[in-house]
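Each chain gets a letter, A, B and C, in the order it is written, and its residues are counted from 1.
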């Protein structure tokens, strides 16, 4: 633990303040130069151009960033408790790869051009089909080892589907470009509809809130947790369902964004320790801080997509983690 | 003591079978006894303890104080029996104290008995240490303290003495004696037959079947020792451990 | 304060529901156009008054892709892959895009009150004329468009006359990217109007940009390769070491014609330059 115990109480308020600051920076950044007075005027609809930029472009982008950060950080936390491994991440069960495959099919087949809702819908269908397949493959009470293996298999299979689509439709350069753009994950062009599609995220977060204490016990052993009074089967089902909803929704509204679910819970655990009653709210606030921060860094660096920045940070972080684990 | 027929058995296992592991095991334990589970490696001791704890599904029935385990709610089960696994693997750095406190989960996360459990297992100096940074024997004691904190009348311990030094092993046995005298029942698996011969009763497992049950002298006969363990026994002067 | 809360709540609900917001009704503003693709850049520069051009696409000044690279120098250009704000900062009233532009970006611009004009068809010269007329309607430059179309049609007639009786040259357009253009591509259209036969479609039966049948291609009777570039040696160089081109007779003997690079992907009326250039290169005897 890096923070002494008595300061750990201030971690959550501190994170909330940091989030507020990030949100303010996010609203203040963009190609259209708006000073603080114009931003305020825009929020209050007193300035036509500013209000369009703020309400139609920057606020949806910020809201989607917050939702995606919270969802992926919380899903990562769940996966790490569920698999009792601090290197676990939300992609283990194929949710994001399934979403990517669904999106690739929608873009390549042209459905995505028919309606703006087709793409997120296809991603959601792909995600849930993937989770369902993993659980069906693992079968029989779904022990963690079997789930992991099924997840690996499905990730490979779905990756092959996406790669096939990319190779098959090379003549339609633009469609391939769109697929690749989506695969990088990012917050550009987010609208009110994406915020609406993301509504399951706060609901799932609410469902997760009371599960912090049971997650403590589960993270130290399934049989031990069962003997201490946890209904392990029910808890695991709930956790998987919540993690699937969180990850699938985040993927549907922002594409595949990696490393948030690995980096954020890990840093938080280093700061305040492994108690999940503290980690769950912190992940729901710290994830957005990380995502908004990466988004800002990408924008300031000249337009790097969110998925690229999180990978640039997450890759080296992962290596450092592996070294530390030895 | 354990061989008389009391009114309510602390643990009653009838015709329990786990394919490939144990077969047709019948076991009855009265309250207030320390019962040892002995047998060669692979004889099904850990499996039997898991079945007794309701953690492994088996054909046949398992009853705690005449109530079927399957019919109990998870929280009720947490209060009724405590299980200590053979090995402790802690992935995350919870403090020793918070792990022991997890034993109170089924009691609504109060803090009764936590400090006593920590003191009883001599963990006072380690209370704030992360559990993934202590030795194997210390981890085993943390598991024991957690089981103690649950205050469950039925205690099921899998090889609790295996990684403990002589002093802590003795303290655990004394602890078990105190619990048994207060009415709890402890079923623990042991490898050291000399320790086993000092317990109230023994259950001898061999290749998944329960071969014998009763006082140590009647179970650890020379024939049983030769057939099941493949060893001969003779009495001689030797080291006897005691606490100062 | 209560009124403020109501305003904010209303705006939040509207944003969620995707209803476009306008603070007040704008009076008829002068036309300011942002162009998102090179094809629309080229049309815009031909038809619009300079004051009507707010910004051009990010490729407008790139001579490898744009027929109007020099002309575009006087106008602002967009960033590649910019978001809605990067377009809105030019305060456009109209945005020109194509069917492969980002749908969500276009939706956001519409919601911001900008008119979005989409060009879906751009494969043939007739599509190019139709697109000119469509753009002219937006700009109020119908007369200019008709004059431009008339002169284009005149050039087409002259070209057709010059190419009468000419034996079509057999060509392919090799590429280092592993795909070559077959039927239904801009290159095919070039060949159709320049007296050339695109072997990729007649012998290779390829549609769109597709990987060529490498082994078969070795046996195709290629009269000329069609390459983009300004220097023949430079343009030919990559193929001298690339399989299967390095084994082809036409590559080894250097039988190639050059087109200015942008002509190979031009979709606007400027493609007529491409027809003429290719025709002249393949059939010099028809243009004394």
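The definition used in the following text is that a residue touches a chain if its C-beta (ideal position, glycine included) is under 8 Å from a C-beta of that chain, and two chains touch if they have at least 3 such contacts.
Since we're looking at a predicted model, the values are computed, not measured.
Taking the mean of all protein C-alpha atoms as the reference point, the chain centroid lying nearest to it belongs to A. Chain pairs A-C and A-B differ in how many C-beta pairs they share in contact, with the greater number at A-C. With centres taken as mean Cα positions, chain C sits 79 Å from chain B. In whole angstrom, the spacing between the mean C-alpha positions of chain A and chain C is 38.
If you average the CA atoms of chain A and of chain B, the two centres end up 44 Å from each other. Taken in their complex, chain B has these residues touching chain A: 50, 53-55, 74-79, 81-83, 85, 89-95, 98-99, 102-103, 105-106, 109, 130, 143, 146, 150. Within the complex, the chain C residues that touch chain A are 4, 7-8, 11, 14-18, 21-24, 26, 79, 81-86, 88-89, 91, 99-100, 102-105, 107-108, 111-113, 178-179, 207-211.
Residues of chain A touching chain B in their complex: 1, 84-86, 213, 216-217, 219-221, 223-224, 226-232, 269, 273-275.
Residues of chain A touching chain C in their complex: 30-33, 43-49, 51-53, 55-60, 112-113, 116, 170-175, 178, 181, 188-193, 195-196, 303.
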